[in-house]
Amino acid sequence: MSKSIKIKVKAREKNGIVQAKLLVKHPMESGLRKDKNGETIPIHHLTQLYAEYQGNTVFQADFGPGVAKDPFLAFAFKGKSGDEFLVKAVDTKQQTGEVKAVVK
Amino acid sequence: MKLTRRNFIVDLLKGSSFIALATSFPTMAFAKWNEKAFKAKQLKQALESKYGKQQIVDSGDILLKAPTIAENGAVVPIRVSTNIANTNNISLFVKDNPTPLIASLNFGETSIPEIQIRIRMAKTSEVIAIVEADGKLYQTKQLVKVTIGGCGG
Amino acid sequence: MKPIQTLTFFALVFLALVLAPSKSYSENSSDIIKTISQAENLRLEASKLGFEWTTTRILLADAQKALKAGNKEKANQLAKRAFNEAESAIKQAKFAQQHWNKSAL
Amino acid sequence: MRSKAKALTISLAIISSISLQSVLANETWKKQNSHSRVAKTDNLNYSQIVNEDVTRFQNFFVKKFPNVEFEEFNNGVYAIDSESREQWIEMEDFPPYELAVDEGKILFEQKFDNGKSYADCFPDFKKGVRQNYPRFDQKTNQVVTLELAINQCREANNTAPLAYESEEITSISGYLAFLSRGNKFNLQVNSINAYNAYLAGKRFYYSKRGQLNFACSDCHIKITGTKLRADTVSPGLGHPTGMPVYRSKWGELGSIGRRYQECNKNVRAVPFDLQSEVYRNLEYFQTIMSNGLEVNGPSSRK
């Protein structure tokens, strides 16, 4: 639980549905890439992501290394403008990140 | 499309926050990360590790939007949505990736089964979206071509 | 005298036999080394003009490697290709100097 | 002396009034060079020659792609390739460079040890400065790119320069570009030295090089719009406007110099150093060719 993962969230409500979009700064190393010296870069990717709204986990994602670098994800849930929600992420090194966002 | 500074600033300032804090995960509301399925090297193994031997039926009720030809296999934008009732999971597989299971997305009672994600594709392959609803499995597939670029635009 | 003459004769034959391959080797090698160094000079000239090709360096390095490994034929071929490439790059630079404006909008 | 200069000014003013562009150039010049007579005559001649180049260059693309609005050329290949464009629009929905822009803002606001900050070097940063770069610096007689200006700012404040293409420098330049969105490029060549730098860039652009014997213009003018293997070759008009660029291939922001290196390697020519005089001059030429287009950096590309 050392370095924290950066997450950026945008959320907008329309007709009672919150459209949430997020971007996570993460190398998403697949463990298959080699560096300049021909050494394999160790696997390091996000594994899980949670969205919490009013105390409930409304959405949850499990990632493998096949998700693109700096992962982007959009999802939707029932909610309203002005409310806060929380996004948390954890990766294979047990590094975590958390961000609070206000629904527009 | 025109990207102006003004609409961008609005998005940047109002729509988002950028407070990253170290956090702990006291509760894991959903199942543990399925290591076996995510590390499986063949589609068959990945499917079995995730769903067991359960039958998966083709469905026209899943909308999978992926490019016919990917601009760059490193970032392939995908959209999936479904109107199958009680959908609690959408999972994405790329048949010919080194590890075919890409992501597994779980929906709570108040969430809408529609997602957008950007994935990696090692080469031309079928992309498969599998929906889990009421304990049943549904799927739809699309071929996405990944080409070797020349100059890269 | 005679035994010495005989000995000298045999010694010369022996030496000729032993040195023959190494003599022809050193001749060929020095030719190759010469080609490599000429190619290297041309490469540097092309580089100064800003028109060096990425492939020329690789050819030269491979030529050196082949020479070290004793594959003279290959070394010679590679060195000559590098030479020709470097020469072409210089020609290209001169061509550009005179003709670039013709394709300008 | 004075009357001679005056006569020259008048005659040149007549010439310049032929095109609106050069009249505008003359106005700009009057503000900038009212103390320098030598630069005065230079300005009129060179800016006019250059602006004629700009018109010819831009007309080529406007004619070549009649369905593309002029303003659209700052979107590169996405202005002309609809399949790629769709994927790009998906990316721009929440582009990965936004993280770098945020980071750039934080870095930009940090103070140097002497208490000053980047804002002291770029007082107009809020209004946007990207469109002014690269600019020709008369004092040092060289083209100054935004990245070079960032490092000059650091050095002026006794701070070590950043490595080119480091995450720090591309983030700062990305942030400054983002604040400049919508501003139009309108670089003017005002002196013989600036013209020489422009000409060096122009010469590079049209010179064939590398084992494949390709000039920038061979791809981006002659065969623009066609497929090169799987890629549509982007138009040469508008390349610098979206810089720095987040290329999916790189997975991070990079400057036009990094892209030049790639292009050179693609034709098997030994690339030049980042921020080398050769590349700065090329960027100067290319940016001038994009005069009239809006800044839309940072951008995302495949």
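Chains: A, B, C and D, in written order; residue numbering restarts at 1 for each.
Criterion: a contact is a pair of C-beta atoms (placed from the backbone, for glycine too) under 8 Å apart; a residue touches a chain by one contact, two chains touch by 3 or more.
Everything quoted here is computed from the prediction, not taken from an experiment.
For the pairs A-D and A-B, the count of C-beta pairs in contact is higher at A-B. If you average the Cα atoms of chain A and of chain C, the two centres end up 58 Å apart. Averaging Cα coordinates per chain places chain A and chain D 35 Å apart.
Averaged Cα coordinates give chain A a centre that lies 13 Å from the centre of chain B. Among the residues of chain A, those in touch with two or more other chains are 6, 8, 10, 21, 68-69, 72, 74.
Along chain B, residues 18, 74-76, 116, 118 each make contact with two or more other chains. Chains touching one another, given as pairs, are A-B, A-D, B-D, C-D. Against chain B, in their complex, chain A makes its touches with residues 1-2, 4-12, 17, 21, 28, 30, 32, 47-48, 50, 53, 56-69, 71-79, 88, 90, 96-102, 104.
Interface of chain C with chain D (complex): residues 47, 50-55, 57, 85, 92-93, 95-96, 100-101, 103-105. On chain A, the positions that touch chain D within their shared complex are 6, 8, 10, 21-23, 25, 27, 68-70, 72, 74.
Across the complex, chain B meets chain A through its residues 11, 14-25, 29-30, 33-34, 38, 74-76, 94, 97-108, 110-112, 114-120. Within the complex formed with chain B, the residues of chain D that make contact are 71, 75-77, 81, 83-84, 86-93, 98, 101-102, 128, 178-182, 219, 228-234, 247-249, 251, 262-263, 266, 296, 301-302.
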